[in-house]
Amino acid sequence: MQRKLLRGSLALPALLIGSWAQAGWQLNMPRGVTDISHQVYDLHMLTLWVCVVIGVLVFGVMFYSMYKHRKSKGAVSADFHESTKVELAWTLIPAAVIFGIGVKATYVLADMYNVDDAEMTVEVVGYQWRWRYRYLSDDPDTEVTFFSNMATDWDEINNLVDKNPNYLLDVDEPMVLPTGTKVRFILTSADVIHSWWVPALAVKKDAVPGIANEAWTIINEPGTYRGQCTELCGKDHGFMPVVVEAVTPEEFDAWLAVKQDEARQMAELTGRDWSMAELMERGQSVYNTSCASCHQVDGSGNAPTFPALRGSDYVRGDIDDVIDIILNGKRGSMMPAFRDQLSEVDTAAVTTYIRNAWGNNVGDMVTPVDILDIKAGQ
Amino acid sequence: MTTATHDHDHDHDHHGPAKGITRWLYTTNHKDIGTMYLWFSFAMFLLGGTFAMVIRAELFQPGLQLVSPEFFNQMTTMHGLVMVFGAVMPAFVGLANWMIPMMIGAPDMALPRMNNLSFWILPFAFALLVSTLFMEGGGPNFGWTFYAPLSTTYAPPSTTYFIFAVHIMGASSIMGAINIVATILNMRAPGMTMMKMPLFVWTWLITSYLLIAVMPVLAGVVTMMLFDIHFATSFFDAAGGGSPILFQHLFWFFGHPEVYIMILPAFGIVSAIIPAFARKPLFGYSSMVYATASIAFLSFIVWGHHMFTVGIPFLGQAFFMWSTMLIAVPTGVKVFNWVTTMFRGSMTFETPMLFALAFVVLFTIGGFSGLMLAVAPVDFQYHDTYFVVAHFHYVLVPGAVFSIMAAVYYWLPKWSGRMYNETMGKVHFWLSFVGVNILFFPQHFLGLAGMPRRIPDYALQFTNFNMISSVGGFLFGLSQLLFLYIVVHTVVAGKKAPAKPWDGAEGLEWTVDSPAPYHTFSTPPKIN
Amino acid sequence: MSSSTTHEHYYVPAQSRLPLWMAFSMFLTVFGMGGMMVDMTTGRESSSTWIFIAGFALLSFVMYTWFAQAIRENHAGLNSEQLKRSYVWGMGWFIFSEVFFFLAFFGALFYVRVFVGPWLGGEGAKGVSNYLWEGFEFTWPMMSNPDNSIFQAPQAVIGAFGLPLINTIILIASSITLTVAHHALKAEHRKQLNIWLAVTIALAVIFLFLQAMEYVHAYQDLGLTLSSGIYGSTFFLLTGFHGVHVTIGTLMLVIMLIRSLKGHFKPNDHFGFEAAAWYWHFVDVVWVIVFVVVYWF
């Protein structure tokens, strides 16, 4: 920690200069790229201007009095203290103003709630601390599911290397959506409440465990739109970006086809023969994206909450126990269930990895097919 | 003193304070208790402020520098809890203790022993709360709104202590509020009719009702948490037919009135100070009373505006939007009344007035952003960003906290019998005023540009305004040490103050000596 | 409420050690209780139980002393009419706050029954949620939970028109007997006061006993427990907190009986009794609502 502090303070001057040069002065809400986001922006500006006008009037009168009616200028106080007429006026006028804003807002709101006629549906599931996207389809075999993890390197976060321009806002696999298509989202969560937000789409909806929420969007322009989880969801709430890549419908179809293909390949991969070295290699990358946030890259954990895996008797003990805790987590602790989060291949890989990395050297391995059997058995 | 039978305790009643520490430990005197509340609240302000400084220091630049994300979350949570329940609420109760009996011509609070109990619970409750930071697994890290299931299934073990701390603190608030209601309804001097009461008394009366109504709901909701954690109930777990959203409904049924609990007494204070320094009676006294009551009433039916994004059905959403926007109307009435009170007055700008004026402007700005938040479809963009943080700090810091500072400057001569140093007061004001705006105004921009709240680290485009905000924060924080100095200096070495140091001030409290005698109005004053 | 009556001397008690001790004992009690719960859930061991016991004993002792002192002051004639009114307001608003405590639980029941349940079962504005709980159908009482592997649904629940109805009758009867006792007090019929008060207490004890039997039955025979889903959760917390209040109310009545036997209370000055009676009626009203919304509908 002290070293971090030192490095932080050394980096400070450089950072100051560097960051001031960047475009970091955005004052207002972006207008976004959907019709809804434009309406929202307009409502925002309307309300803002109403407030500014009222503010100017009210503070105007106040500053005028402060200037003119001050004792040092010889002002003598009047003693009026009531007037039903003005009081009525300043009750009714604001009420009317509010009524105007309210009506307009109610229309926009109704529009936001209308999820009918969606052309496709994506399920968004929040996990501590990643998103899972599932492109629903009537045919389960063509469903595409993947996780979207933050791609920013922890070294950047810990100020060990320079930060890239999309610092904290980059993911390994973005959600890809077609433009001009009404996309419905179903949002839910696997653990705590998260909130899925993309400012450019003006979509923000909480992902609540056990309850499903709906939202929708039609993106007008292709592009990459970035957002973040906006509901406090624990330790890494700040490291849970959302990235949506809007592409033309044709590109989207192509992408989807590739993804479906990958899913098929994954199934094949599970059945394939795996060598220890392959599993170790894959395991390392799985470990670093899925486990390292708690157990640390070097397996040293973070006492007392997060146990070390390096040298752990548990990890080096009965392999079934290890697989079990990875698949099912531990209720009542922070250890999540990875059953739905990791493929059989990845589960096998990470199990093999933690049992053999950092000098754990148990020497055995587990194959994806074994995992498939264990899952089927439970 | 009407009958002879009472005479035996006459002199017992009029002796001064006891000597030594027991004066404070065992006291039943509303002034002593008020003083203890105020000091306690100031200590909590420093503590909560220190937590805020940790937050601002970590957010000074992108990347993790000082604290880990776990600890950052604990800081955010504790900062919110300590400021809300430890600093602002007890400060207002302290002011109520000091001023209400004097303002209505009562000898003391209605139930003096319970009064002391209400106070003494607080140090214990907060000791328990803060001690969770040192427990295994760390302290509460789920925000001051402690949404389930982050605060139940996924919470650290110390949460149980947090829950019990909330329980006893709630008991303290309820007893305090009951005491205030009983005092106001039962202890007014002859002739002090309801519509003659100073607005501070009125606002506190209404605040007390809010407290009595919502603190038990808070107790209820934390009790459900306790059972979900330890006894496998499923209030907040859909697997058993409950819902995490249930938590939020209950919490905000408490939480929204709670934020008005933190502002209504401030309205009362400002309504006392502005007429005093404008030398002109308060404009629209009765509409002030009705407006306060309307705000209190509305506050019970708007809670859903904190939950616009959780997926409330359309009709609910629309209802909460409309009812919330409606609150701007009675609040507007108050603001207009204050401004009209100044209009054609004869104003001077001593420190209390400066704080009160800043209150009017900055609270209104905070109210405006509140109105913007109330527009449900747009709240989808604002919710849980720094725009919200900016909103509530504007109503809470230059709102509630400034009003408390105004009150301290205004009544300190009465409490201590000594005058604060006007120059230092003004320096404190200007530093605070400038600091607070540098601190919180840029947070509007951050929120609009998309920075979520409760994050220990942020994307690069947010760097500039965060740095500015942090600098403002340090400035504002350091200025409060000056406040501490001014108050201590006044109490120890201030110039003697007359009974009525403000020529435009009105009210019974100015009819007694400065410092106010240990017992005032043992014989009620006559009010015409 | 009016203060325009001629002034009386308001009794401001001298310094008192009680509040500080009470605050301290409250702290010990909750600290101990919290520790006990953490121990229970995490398997930790600590001396929390002893802290709790010490705290609770101290709390009881302080409260006893406090009330005794308040009674002594009243007997000494220190309390003016005005102070007595303060006690009245105090008790009144305390009960008001209790109403809101129960409101939280009734509100929870209302919300899950009217909104969450149907949503999870696939109906209403958020019926999509049902896809997360395939096969779940909502009924009330909830005889099947969305996830029965975590929350074991009950086999049966307790019908309204057995024990609960009897309990309702008992409690309403107790309110009546208490009122009779009150009238007796006002008419200075000490013996009748004692008898009717004793009858009220007897009814209260029977109520509590039946309630306990019902719990045992629910746990042992019906599988209706705290952890049997939201039905069990709301059922036990509503009836349970009601039961706690009955227990407190019974204690208050017992104290009133003891005081009455000691010759306390005058026809025009017996607020202690009245406060206990108000509390009792409040508890009674809560029960009627519990009966209707928890057992009946």
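The chains carry the letters A, B and C, assigned in the order they are written, with residues numbered from 1 in each.
Operating definition for what follows: a residue touches a chain if its C-beta (ideal position, glycine included) is under 8 Å from a C-beta of that chain, and two chains touch if they have at least 3 such contacts.
It should be emphasised that the depicted structure is a prediction, and the values quoted were computed from it without experimental measurement.
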item: Arrangement of touching chains [line / ring / star / complete / other]; value: complete
item: Pair exhibiting more inter-chain C-beta contacts, A-B or A-C; value: A-B
item: Most distant chain from chain A, judged by the mean position of its C-alpha atoms; value: C
item: Per-chain Cα centre nearest the global Cα centre, belonging to chain; value: B
item: Inter-centroid spacing, chain B versus chain A (mean Cα positions, whole Å); value: 33
item: Where chain A and chain C are represented by their mean Cα positions, the distance between them in whole Å; value: 44
item: Per-residue multi-chain contacts in chain B, two or more chains; value: 237-239, 243, 245, 311, 314
item: Two or more partner chains touched - positions in chain A; value: 210-211, 213-214, 332
item: Where chain C touches two or more other chains at once, by residue number; value: 41, 116, 120, 126, 129, 132-133, 146
item: Footprint of chain B on chain A - complex, ascending; value: 4-5, 8, 12, 15-16, 19-20, 22-30, 36, 39-40, 43-44, 47-48, 51, 54-55, 58-59, 61-62, 65-66, 69-72, 75-83, 86-87, 90-91, 94-95, 98, 101-102, 105-106, 108-110, 112-113, 128, 156-159, 163, 165-169, 191-193, 195, 197, 199, 202-206, 208-211, 213-214, 227-239, 304-305, 332, 334
item: Residue numbers on chain B that touch chain A, as the complex places them; value: 61-66, 69-70, 73, 136-138, 141-143, 147, 149-150, 153-154, 156, 237-239, 243-245, 278-287, 309-311, 314, 317-318, 321-322, 325-326, 328-329, 332-333, 335-336, 339-349, 357, 360-361, 364-365, 368-369, 371-372, 375-378, 380-381, 383-385, 445, 448-450, 452-465, 467
item: In the complex with chain C, residue positions of chain B that touch it; value: 1-3, 5-6, 9, 12-13, 18, 22-23, 25-29, 106-108, 110-117, 119-121, 123-125, 127-128, 157, 160-161, 163-165, 167-168, 171, 174, 177-179, 181-183, 185-192, 212-217, 219-221, 223-224, 226-227, 229-235, 237-243, 245-246, 249-250, 253, 311, 313-314, 519, 522-524
item: Touching residues on chain C, where the partner in the complex is chain B; value: 1, 3-20, 22-24, 26-27, 30-31, 33-34, 37-38, 40-42, 66, 77-78, 82-83, 85-87, 89-90, 93-94, 96-105, 107-108, 111-112, 116-117, 120, 124-126, 129, 132-133, 142, 145-147, 150-151, 226-234, 236-237
item: Chain A to chain C touching residues, read off their complex; value: 186, 188, 210-214, 332
